[in-house]
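Several structures are given next for inspection.
Shared between the two complexes below is chain A, which pairs with chain B and chain C, respectively.
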Partner chain A sequence: MGLYPNLKRAFVMLWLLLLTGCWSSNEIEDLSVYVGIALDKGEVTAEEQQLREQGSAEKNIDKVTATLQIISSKSSSSSDQSTKTDQKPFINTAGTGDSVFEIFREFASRRDQPVIGHHMKIVVISGGLARANRLDDMLDFFYRDNDIRPSCFVVVSRGEARKTLETKVPGGIPAFRLVGMLDNRNRTLEVIPSVSLSKLQGYLQSGTSFILQNVLSAQGEIKFSGAAVIKGETKKLIGYLSEEELKGLVWLTGSGKGGLVKAYDHNDSGRSMAYEMKSMKSTIKSRADGKKLSFDVNIESEGRLIELWNHASIFNRPATKELEAIFEQKVRRLIDQAIKKMQQQYRVDVAGFGSHVRIEHPRLWQSVKKDWDSVFSQSLIHYKVKLKITEFGSLID
Partner chain B sequence: MDENDYITPAQVAVVIINAMLGAGILTLPRTTVNAAHTPDVWLSIMVGGFVIILFGMVLVRLGLRYRGQTFYQYVSRITGRWIGAFLSLVVIVYFMLVASFEVRALSEVTGLYLLEGTPSWAIIMPFLWVGGYLIRGGVSALARLCEVILPITGIIFFLTMFLSFGIFDIHNMRPVLGLGMTPVLKGIEPALLSFIGFETIIVLQAFMKKPEKAAKSVIAGILIPTAFYVTTVVMVIGALTVDGVVTKTWPTMDLIRSFELSGLIFERFESFLLVIWIMQIYSTFTITCYASALGIAQLTGRNLKSVITVLLPVIYILSMAPHSLKDLNKLGDMLGLTALCLFGLLPLLLLILSKWKAGKKDGTVS
Partner chain C sequence: MTAGHSGGSEESEQRLQESNFTGDLVSDLKLLQKCCERHSDTRIRELHIGHTDVRAAIVFIEGLSNNSEIQNNIIRPLMSNFAERYEGDASYAEGTVSGSFLINNVLSVSEWAAQSRVQEVMTAVLAGSTALLIAGSKEALILGTTKGKARSLEEPVSEAVVRGARIGFTELLSDNIAILRQQGKCDELCIERFVVGKRVKKDLVIAYMEEIANPQLVEEVKRRIAGIDMDMVHESGYVEQLIEDSYLSPFPQLQSTERPDRVMAALVEGRVGILLDGTPFALIAPVTFSMLLQSPEDYAERWISGTLFRLLRLLAALNSLLVPALYISFISFHPGLIPTKLAMSILGTREGVPFSSLVEALIMEVSIEILREAGLRLPKPIGPAMGIVGGLVIGEAAVQAGIVSPILVIVVAVTAISSFAIPQYNAGITLRMLRFIAMFCSAVLGLYGVVLFFLLLCSHMVKLKSFGVPYASPASSIRISDWKDFFIRAPIPFMKSRPKLLHTKNTKRKG
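Let's look at the complex of A and B:
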């Protein structure tokens, strides 16, 4: 021990103060965790209207109504036995304004527990709002904020976005349901590869057009149906793809993971049949002839015959080749619809053909990328579809 | 110099790696893509690594001519006392600024993603104290710490990077050399800046028992960070695209924030990346702080420990000097360019001068 043993000890004890815990910690029970956000056209809710009449809120333009889905901490704690069993595990609360961040911070003056975005999973944007406002404007706050992760997904709702965050099922959290539905790509072609904030930013920055999953809602039920088309140049919504057109697009790009093709016999319209797709592959080749571009698309798929109606016995079915031809024709019809919609109506490339030109003809791409959408709508797309029925399920034939 | 304070060739390599990996790894994808505008920047990094190996070789040759001496000691013998003292001073200030730059980057990133609300002095001060404590133990203590944290860094880094494979799209990395070599060349300059750290050999070599083995250490010390960097830019660009990367302040952080894995014990991995990154900042800080303190000690003939005590507050003040993140980035770029002149061009001049002097002395050219 040195000169001042006690002084040394006291000094060492001081270091214990550093072990007292986190500097600016917040107990999770004191926070409102929101897991989903719906952005709608500015429409002041009834409560908000009343609050305003009593003199709250500064003047602002009601551009956006943001509805937050907050996990209610009360329902998750089982200590309170008196809570009714049908009480929802979430609270939806809305605010209106022309700055998303301002709306968020307004909640601090309306709720005892401040809202935090660490667990936000999904943003639903209403179609009407996306038509009127640029996506990068509406989402700017989400990109800058350090709580909200870029892994959060973005979808569009053709109707009111806040309706998609409602449910009739007690105990379910709609935002989680939406995220879970995005995972069902191995079952249906109607779910497209999910777009996260970070993927979306790539699209927005590069100025390519793209599609976002469209979600419909009716009386607390929701359904993914078709897609919203966002034009890269304006970054606004310009229209929708129907379910059939979307399926065509998925076939064209070969991005499906699982799903089916339903078709009818040419002679017998009552005879429905279904093909369960097991694999889908599309090879796109771009050909440049001066500034004129064309694409050769080769689509191949293998799968099983999973359902066939109206045949007398299982040994009495049409030849495999015949069935394949029927399914192929159906797929071609879907693709035709999709191409027509892209090239003629919306005049945008949402199938990623531009990316093939960028990779295969990088120098040409430099000159066409500025007005790629219009170049694309004038280019020719040749495609071939080859479906192969490799098995018939548990039935022999 | 203490006889027992020495390091092995493997330790030299490890220290160089730890000195190199630092603040740059979070920003590298942005800085290189900003210059090149193509996904080919991984080639720029490889070329950059090769160039840095050449620079490193010159430094090693120089060190071999003055065994057991650090840059601060031998530079005066080459250029004369006054110029030597001036050059030493420049190098000392350079290391001091690098140390403060790293500290400030640490407080910026942790303040944003990890410890929001904690004042930056509360983050920086303990960091400085722990760093100061380590380097009081001399270069061998420093090297042993580096040996501990490097494997941890490597395992966690590559694990988190490869976990992002789910959002990786090879199309974003294509076409390779679509616009020829020009973008690759443009990307080399920012790539070179990320290799800053190799210059610590000017101090380390003096502590080697067999300084001729330093060449191998330097090559290994540069190739391994090259692997880290190439992996980083490939994974980041592959997931965030060239256009997405340029908008992000810390693109590598955003890569890890862009995915969640459910089903594992952990869903999010940014804290892992931050932990190893803080360890790397710590090692870079301690190494540069040591290099600076040693310079002052050798120049003024004072005790290293007392120099460190005085140096820490200076570094703290310097780290608080940049007003904003923009200023900080500017400082980082400036430091990088200084380093390239100071440790890329200058040593070559010194080497030629030294050989010429030696040749004049005994009439033969060595």
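Let's look at the complex of A and C:
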């Protein structure tokens, strides 16, 4: 090998390494980064229809329409101020087909830059689609694909999912807006703990029923409102909880981080008042009496009186106990609604009572877990609500 | 040089130089004059000594020897009247004066030697000594009158500190040794002299603490220095490269420093210092990688700030090594690892950049290296102006022209600044050099390539040794007690023992 055998060997190794070139290298600007996906019932768009007619594409049943929100690199450039104002920073493109993956790969024949899913933040599934298809079927691709992170969130839209990925605000990206709204749990009870793909996988595999945040859209505006109920057995959407029912459910489970209770004082000219919740705690105890199950729920909350209308003078405030009673009554009404909906209409347990039975009565659980949802809908739920007004805000009275 | 001379005359000169003095002043002087034919700066002055008829001659090099010393301490006493006293001396002989009498009674010169060989005398004279030839004596006296040309002491340029000694080594070895001794009174400090260079001879000194340094280490240093076979050793860099363990390694295996306090601190730890005449840079052996990231200031400041500075420098070292490589791998291979918002802005700014991230980074890195290299050579008045122009062109204009993305400008600026945060200049160069290899690795294999490169580098560092001490210690051969002076700098009272990795004779610093 000559004078420096090691040197030569190293040189050959280096050469072999360089021969490989920059394998799997893909410059970031040559890629399309999508940040959100909306899944709708299959509905071929007009352009797509024309393309299909010209190209005589494969026969499809067209189960799903996937709308991708792609970051548009041309307008996210900060140096070009002029183009930024009149151009949206995102592009929504839709594709229709029977397989989500097929739709994704269709984009390769429609766009110069291949799409990558590393930065996908949110999946919006339309209610209609979720009613007709199993969730685990629709999301199978997202779990298998190695680009997409399991931390990506899942929400349901009662209307068309693609509408939730639109906005009238220039410069804003709707997918980020949705993700940001999921963080507002310390302000309102209407936002429930966000469900990521990995959390969803847990629900789907254990077969429990659960709720997903519902998002409504109207003319580019969106709102979180209520929740979609997914039945664990079928893994399909069976209905929705209204805003009030959802609040009742949150009170029942004590999962709220912040929010308010608005109530009217019917004794005193129906004046409105608001209680800002600071803490919420719910202890659920299950009681087994033979095969008959019942639950004792003890709900405690502390908070402040944040708004009170029509009080004539600052000395003329109703007694704290009275106020508390009014708020407690309101909360009870919310909870009643939620329980009624769960037990009588949908007959599913989305409040997690099942896990209490599993922990506290493991033997019994073995016998009931198969059709837990129907057992639950026949069990009794006793609850007590105790609200405590600890302060009255900055107003001194 | 010898082109004009025939082989014959060279041979005769050889014979001339090998001959001894005869004792006959006239012929001896002729001999010397012949030797000095091509040393036109040699001065020969003849004189009668001690008011007697005995003739003598002094030979010296103008400028190289101390003129006033020759006048006051050699010529004046020689010409004074000491003949009467001499007649009572034991070595008295009619018509002569013995060298030993002159040394004992007349000449007030501290350094002397007697030499009978012409060549040795010439060598000494050419180094600045003065030779005294006395009629009737077969031996010439060599008197030490060397006056080196030195500059005044200055603050070390390459290793400035805010707090700490301001003194730096100079080019004169005797001064440097004196400065080193001045660091503190210590009778253990050994200074051993060597001569290096076959043709042009230079003094080299190794310094160590007798009671501390491992004798095997001292022997090894001596052995390697004795092995230096070069016609001239220009600078301590030559010594460094001739005695280091591995010439293929990119890492400096001896520490070079201008700071006497640094050398002294190393000696007290049990290391060996090497000082060469003619350079302000001393060498310290053995060295570990962590030493290159340390500054004397770490110890001068309180331990918390010292530790933080050290961690900061470690970060700077990693920065200057890896940041462009990470940039390339993130941009070209792993867009998913960039935070989404940042990915969006990078996406926007890189739109329209015609090059791949590797080419882009290479353009910027190379141009900033050129700027740095040019900055060294630019005349002082032009330097700052050119720096600004270069910085503007590289930073602003390149972005405006769409050649590079603004993110890369930040990356390049951070790495450039980081590499100068490393206290050792040559360690900074090493990291800058390795940065390019890291960039190629990342361009081929992405983050995986960067990891591979880093592993390769670590395994090389672990294998490398400097004078028997593992280069990556105390990390690789784990000695937890040495970690007190590694990434962190423990409070001084905790540092009771010397670094264990040096296997010093005496291990305790205190207590």
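We adopt the following convention: the second predicted complex is superposed on the first by the 367 of 397 C-alpha atoms of A that agree within 3 Å, B and C clash if a C-alpha of one lies under 4 Å from a C-alpha of the other, contacts with A are read in each partner's own complex, and residues count from 1 in each chain.
We adopt the following convention: contacts are C-beta pairs under 8 Å (C-beta built on N, C-alpha and C of every residue); 3 or more make two chains touch, one makes a residue touch a chain.
All values derive from a computational prediction rather than experimental measurement.
Of the two partner chains placed around the shared chain by superposition, chain C is the only one that A:35 touches, whereas chain B remains out of contact.
Applying the stated contact rule after C-alpha superposition, one finds that A:196 touches chain B and leaves chain C untouched. In the superposed model, A:71 makes contact with chain C only, not with chain B.
Once the two complexes are overlaid on the shared chain, A:17 sits against chain C while remaining clear of chain B. Shared-chain residue A:53: touches no atom of chain B or chain C. By the touch criterion defined above, A:112 reaches neither chain B nor chain C.
Legend: residue contacts after superposition of the two complexes on their common chain; A:27 is shown touching chain C, with no touch to chain B. Comparing which residues of chain A touch chain B with which touch chain C, the overlap comprises 18, 22-24, 149. Per the touch definition, chain A reaches chain B in the complex via residues 18, 22-24, 143, 146, 149-151, 196-199, 201-202, 205-206, 355, 358-360, 362-363, 365-366. For chain B in complex with chain A, the touching residues are 112-113, 115-119, 122, 126, 167, 171-172, 174-175, 178-179, 239-244, 246-247, 254, 257-260, 268.
Across the complex, chain A is touched by residues 248, 330-333, 335-338, 340, 343-351, 353, 356-358, 440, 443-446 of chain C. Across the interface of their complex, chain C is touched by residues 7, 17-18, 20-29, 31, 33, 35, 71, 73-79, 89, 116, 118-119, 121, 147, 149 of chain A.
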